[in-house]
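Structure first, then comments.
A, B, C, D, E and F are the chain letters, set down in written order, and residue numbers restart from 1 in every chain.
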Amino acid sequence: MSQLQARRPKDSSVEMTELVLPNDTNQLGNLLGGRLMHWIDIAAAMVAMRHSSKVCVTASVDEINFFEPIKLGHVVTLQAMINRAFTTSLEIGVRVLREDPLNNSSVHTSSAYLTFVAIDTYGRPLKVPPLEVESDEEKRRFNEAALRREQRLQHREMVKKLRADGAHSS
Amino acid sequence: MSQLQARRPKDSSVEMTELVLPNDTNQLGNLLGGRLMHWIDIAAAMVAMRHSSKVCVTASVDEINFFEPIKLGHVVTLQAMINRAFTTSLEIGVRVLREDPLNNSSVHTSSAYLTFVAIDTYGRPLKVPPLEVESDEEKRRFNEAALRREQRLQHREMVKKLRADGAHSS
Amino acid sequence: MSQLQARRPKDSSVEMTELVLPNDTNQLGNLLGGRLMHWIDIAAAMVAMRHSSKVCVTASVDEINFFEPIKLGHVVTLQAMINRAFTTSLEIGVRVLREDPLNNSSVHTSSAYLTFVAIDTYGRPLKVPPLEVESDEEKRRFNEAALRREQRLQHREMVKKLRADGAHSS
Amino acid sequence: MSQLQARRPKDSSVEMTELVLPNDTNQLGNLLGGRLMHWIDIAAAMVAMRHSSKVCVTASVDEINFFEPIKLGHVVTLQAMINRAFTTSLEIGVRVLREDPLNNSSVHTSSAYLTFVAIDTYGRPLKVPPLEVESDEEKRRFNEAALRREQRLQHREMVKKLRADGAHSS
Amino acid sequence: MSQLQARRPKDSSVEMTELVLPNDTNQLGNLLGGRLMHWIDIAAAMVAMRHSSKVCVTASVDEINFFEPIKLGHVVTLQAMINRAFTTSLEIGVRVLREDPLNNSSVHTSSAYLTFVAIDTYGRPLKVPPLEVESDEEKRRFNEAALRREQRLQHREMVKKLRADGAHSS
Amino acid sequence: MSQLQARRPKDSSVEMTELVLPNDTNQLGNLLGGRLMHWIDIAAAMVAMRHSSKVCVTASVDEINFFEPIKLGHVVTLQAMINRAFTTSLEIGVRVLREDPLNNSSVHTSSAYLTFVAIDTYGRPLKVPPLEVESDEEKRRFNEAALRREQRLQHREMVKKLRADGAHSS
C-alpha cells in the first residue's frame, strides 16, 4: 500500500548525459537515430521504475522528431520526467539537448513521450502510485498526457479502419 | 540523373533477423524497447540508402506500439519496406515479428513508420528517386503514407498550439 | 515426439541483414573478419534452433574464405539454411553477400558451413528432427553435407597423424 | 582569447544516470568495477571538454574506492564537476550514487578525482580557461585539488625511490 | 627493405586472455561460438600486423572445432603464433584454452588456422617479411602450414567441381 | 582447506592483449582512459579469481597515470600479477604496454594497483589463500603492497579530516 502513495514528478526525474563516440555514429559521423532512441528509452525506463518501484517495460513510444543533427564528439543530455500515472501505466516525457562542447552551443533536438507498464515477474501488469502535480508546468504536462493518450487511441482506430478498408495488414 | 530513376519497393526491401542475447535484455529477461527501436532504425536506414543510393538520416519515427513481450532467446524478424518517396525524404515501414524458436510460435509485435532524409556530406538534403507502386498492397501503403504525413503535420500544429496556450516547452 | 517430425529447409531458413558501422571495422574501415564470423554464427544458430526447437551450440565451422573486402557503410546480407540433419547435429550453410547501398552493386563474398549440436540444460546432446529435402538444389546440399562431414573426419585424422609423427600439439 | 575567460564550476557540471544491464555485470550480477570506471571517465571527460572547449584526454585517475556493491537493475548516478584548472590540465571530481529503483534507497558508493589535459589534433597540450570559485564548497574543492596534486607528486617520488632502491620496474 | 628482414615466430606471438561475461553468452550461459571466433580473429590479426608491420585483413579461416563447452565466468586464453609467411600472406595458428578459475582446471578447447593478407590503404596486397624457424616445433608448424595450404586449394577445387556437376552455387 | 594452500604469483598471472578498435576511441582516435581502465580491471579480476578460486569484486584502484597516448590500431598488452594476499583481499599489479604494430615500437604507458575482495553469493568476504614469494622481484612487490596499503589508509584519514574541517562531502 505504501508503494501506492502519491509521488511528485521530481521524485523520479532523471538527467542522463552521453558523449557521442564512434560506436554510436554512421559513416558520416552522425549519431544513429536508433542509438538516440535507445538512450531515450533507458532514461524513461529509469523514471518509470523510480516512480513505481517496479520493473517497467516499454508499451509505446509516440512520434519522435529529430530536428537537429547530432555529431561525433557532441554531448547529449536527456531530461526525463513523469507526466502522468494511469492505473498500471505511466507517461514519461524525454527532452533531448545536444551540445558541441568545443563551442558550448546547446540546442533542443527532440522530445519524446513514452508509455511504460509496471509488471511482475510473470509479465502481468501491476498498479502504479498516483502522481501529485503542483506547478502550472506539471499540470500542463499532466493534461497534455491525457490528450496524447486520446490521440493514440484515435490513431489506432484510424489505422484499424484503413486496414479493414484495404487488404491485409502492414 | 540515372540515380533518380523510379524504383520498385522490392528493390530496396530488407529482412533482418536478430537473436535476443543477454546484452539486449533487462533484469527480467525482456528485450529492451530501446534495443528494438535501434534494430528498427537500422533496418529502415538500409532500405532508405538502398532506394536513394545516398546516405540517409532519421528525421522522425511515428508512434511505435509494443504489443507483445519479447524475451531472451527469442528470434526477432524485422521486415522493412519503402512506402513512399517524397522530394528529399522517404517513409519506411517496419514490421516486427517475434518467434520463440523452441516452440515455433510467431507473432506480430510492432509496426513502425520512419521518415528518412537523404543528405550530402555537409548534411544538406538531396533529391531521392520516385517510387513506382503496382500491387494493391503497394498502393495502399503509398496512400497511407500520405495520410500519416498529414497527421504528423497536424500533430505538430496541435503540440505547438498547446505549448503556445500553456507556459513553456516540455 | 512431434518435435522429431521431419521439417523442410524453408521452415527454418533465415535472412539477416546488417549495416557495417564504425564499431565493426579496423583502422582502414574494413569489416573485421571476426565480426563477420560472429554474424555467420548467429544466423546459423537461429536456423539450428528453429529446425530442432532446442538450444543449439556451435560444434565446428568449416573453412571460410573472405573473397571480397567489406567496408564501412556496406550492407551485409546473410542467408542461412539447413543442409542436413544427423542424429544430434545439423549442418547449416551460410551465404554472405555484400552490397554498397550507394551504388547497388552486390557480390557474393563468403560461404560458410557450420555444425551445431542440440543440447539440454546440462549440455547433453538431444536428438533432432530429420530433414525432408525435395528440390534438386536441396538434394545437392544434402549430399554435399555428407561429403563435407567425411572430409572433416579425414582432416582430423590427418591432423592427428601429423601430430603423432611430430612432437607435441599446436 | 575569449576561450580563456574564467568559467564557473556549474557551467560545465554533468549529471549522468545509467541503468545496470546484464552487459555490465559479472556472473553474480555485480557491476564490474571497470565498467563503473569507464562511466566515471566519460562523465569527467565531458566536464573537461565543456570547461575548456577543447578535446581532453585522461592524464591520471586518483585512488577510487568502491564502498558499496552495485547490482543488476540498479540506477547509477554520476555527478561530475571541475574542482580546479591548472595551466593545461584540470581536476574533475566525480561522485557516484547507486539506487535500487525498486525500493528507492540511495547510497554514495565512490568518489573519484581525475586529471585531464586539453590537447590539439597533434596531441600537444593547450592552455585551459581559469576556474572562478565563489561558494565555500567550491573553495574547499579548489584547495583540496592543490593538496591532491601535491600528494600525487610526492607519491610518484616515493614510487621512483622504491624502484631505484629495488631492482627493476613493476 | 628493413621491413622485409626475416623475423622469428616469437617476435610477433600474442597471448590474449578474456573473461566470459553475460554479454558473450547464450540463454544457457554458453559462450557463443561467434564470440570466440571474433577473439580468435583479433588475436591472429595482431600477430599478422606485428610480423608484417602492415595492416592485415583476414583472407580465410580453416575449420575450427569446439571440443569443449565454455561457460559464463570462465577464463579463455588464446595463444596466437605465426606458422609461415608466404609472399603477401601469412598463416597464423591460434590455440584456445578454457579455465574455470574457481577450480583451476584448464583444457584445450579449439585450435584455429587463419590466413591474413597485408594490404596498403587501397586494399592492394603487400609483400611480407619471411619467417625464420629454428626449433623442431617451429619447423613442424612451418611444414604443416604448407600441407594445409595445399589442402585448402584441393578443397576449393572439390567444391568447384561439385558445383559444376550440380545446379547453382550454395 | 586445500583452497587455502599457498600459491605462487606465476600460478595466477595473466597476459591480455587488445587491439584498439574505433569503438574504443574518442573523436581524435585516442584510446579512452575509461576503456583502458575497464581492461585493467578485467585483467586484474582474472588474476584475483585464479589465485583465490573464488568470485572477486573490485574494492579499490590506486592512482593510475596515463604517461603515453594510445591510438587507434595500437596493440595494448596488460600484464597482471598478484603482489600480496591479505586476509580476504588481494593486491594485483597491472603493467600496461602499448605498441604500434606498424613500427614495432613498444612503451610502458601505465601501471595500476587494484585491491579485490573474494566474496560468496551473498556478497560476504571469504578468506583467500596466502601468497608464497621467492624471487627478489616478488619480495619487492610484496613489501611495496604493504606500503601502498598503509598509504591508502593514511590517504583516507587525510580526506576524512579535510572533510571534517570543511563543510560537506564531495
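One rule holds in what follows: contacts are C-beta pairs under 8 Å (C-beta built on N, C-alpha and C of every residue); 3 or more make two chains touch, one makes a residue touch a chain.
The structure displayed is predicted, hence computed values, not measured ones.
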item: Contact-graph separation of subunit C and subunit E, given in steps at minimum; value: 1
item: Shared interface partners, meaning chains that touch subunit E and subunit F; value: C, D
item: Subunit F against subunit A, contact positions shared by both copies (same if over half, else different); value: different
item: Most distant chain from subunit D by Cα centroid; value: C
item: Superposing rotation of subunit D relative to subunit E, computed on C-alpha atoms, to nearest 5°; value: 120
item: Separation of mean Cα positions, subunit F and subunit C [Å, integer]; value: 39
item: Centre-of-Cα separation between subunit E and subunit A, whole angstrom; value: 45
item: Between subunit A and subunit D, centroid-to-centroid distance (C-alpha), Å; value: 29
item: Multi-chain contact residues (two or more partners), subunit E; value: 22-23, 26-27, 32, 42, 45, 55, 73
item: Chains that touch, pairwise; value: A-B, A-C, A-D, A-F, B-C, B-D, B-E, C-E, C-F, D-E, D-F, E-F
item: Subunit A-touching residues of subunit F, taken from the complex the two chains share; value: 22-23, 25-27, 32
item: Interfacial residue positions of subunit D with respect to subunit A in the complex; value: 14-19, 42-43, 45-46, 49-50, 53-55, 73, 75, 99, 101-104
item: Partner subunit B, residues of subunit D touching it in the complex; value: 21-23, 72-73
item: Interfacial residue positions of subunit D with respect to subunit F in the complex; value: 26-28, 30, 32-35, 37-42, 45, 55, 57-66, 69, 93, 95, 108, 111, 114, 119, 121, 123, 136-137, 140-141, 144, 147, 151-152, 155-156, 158, 162, 166-170
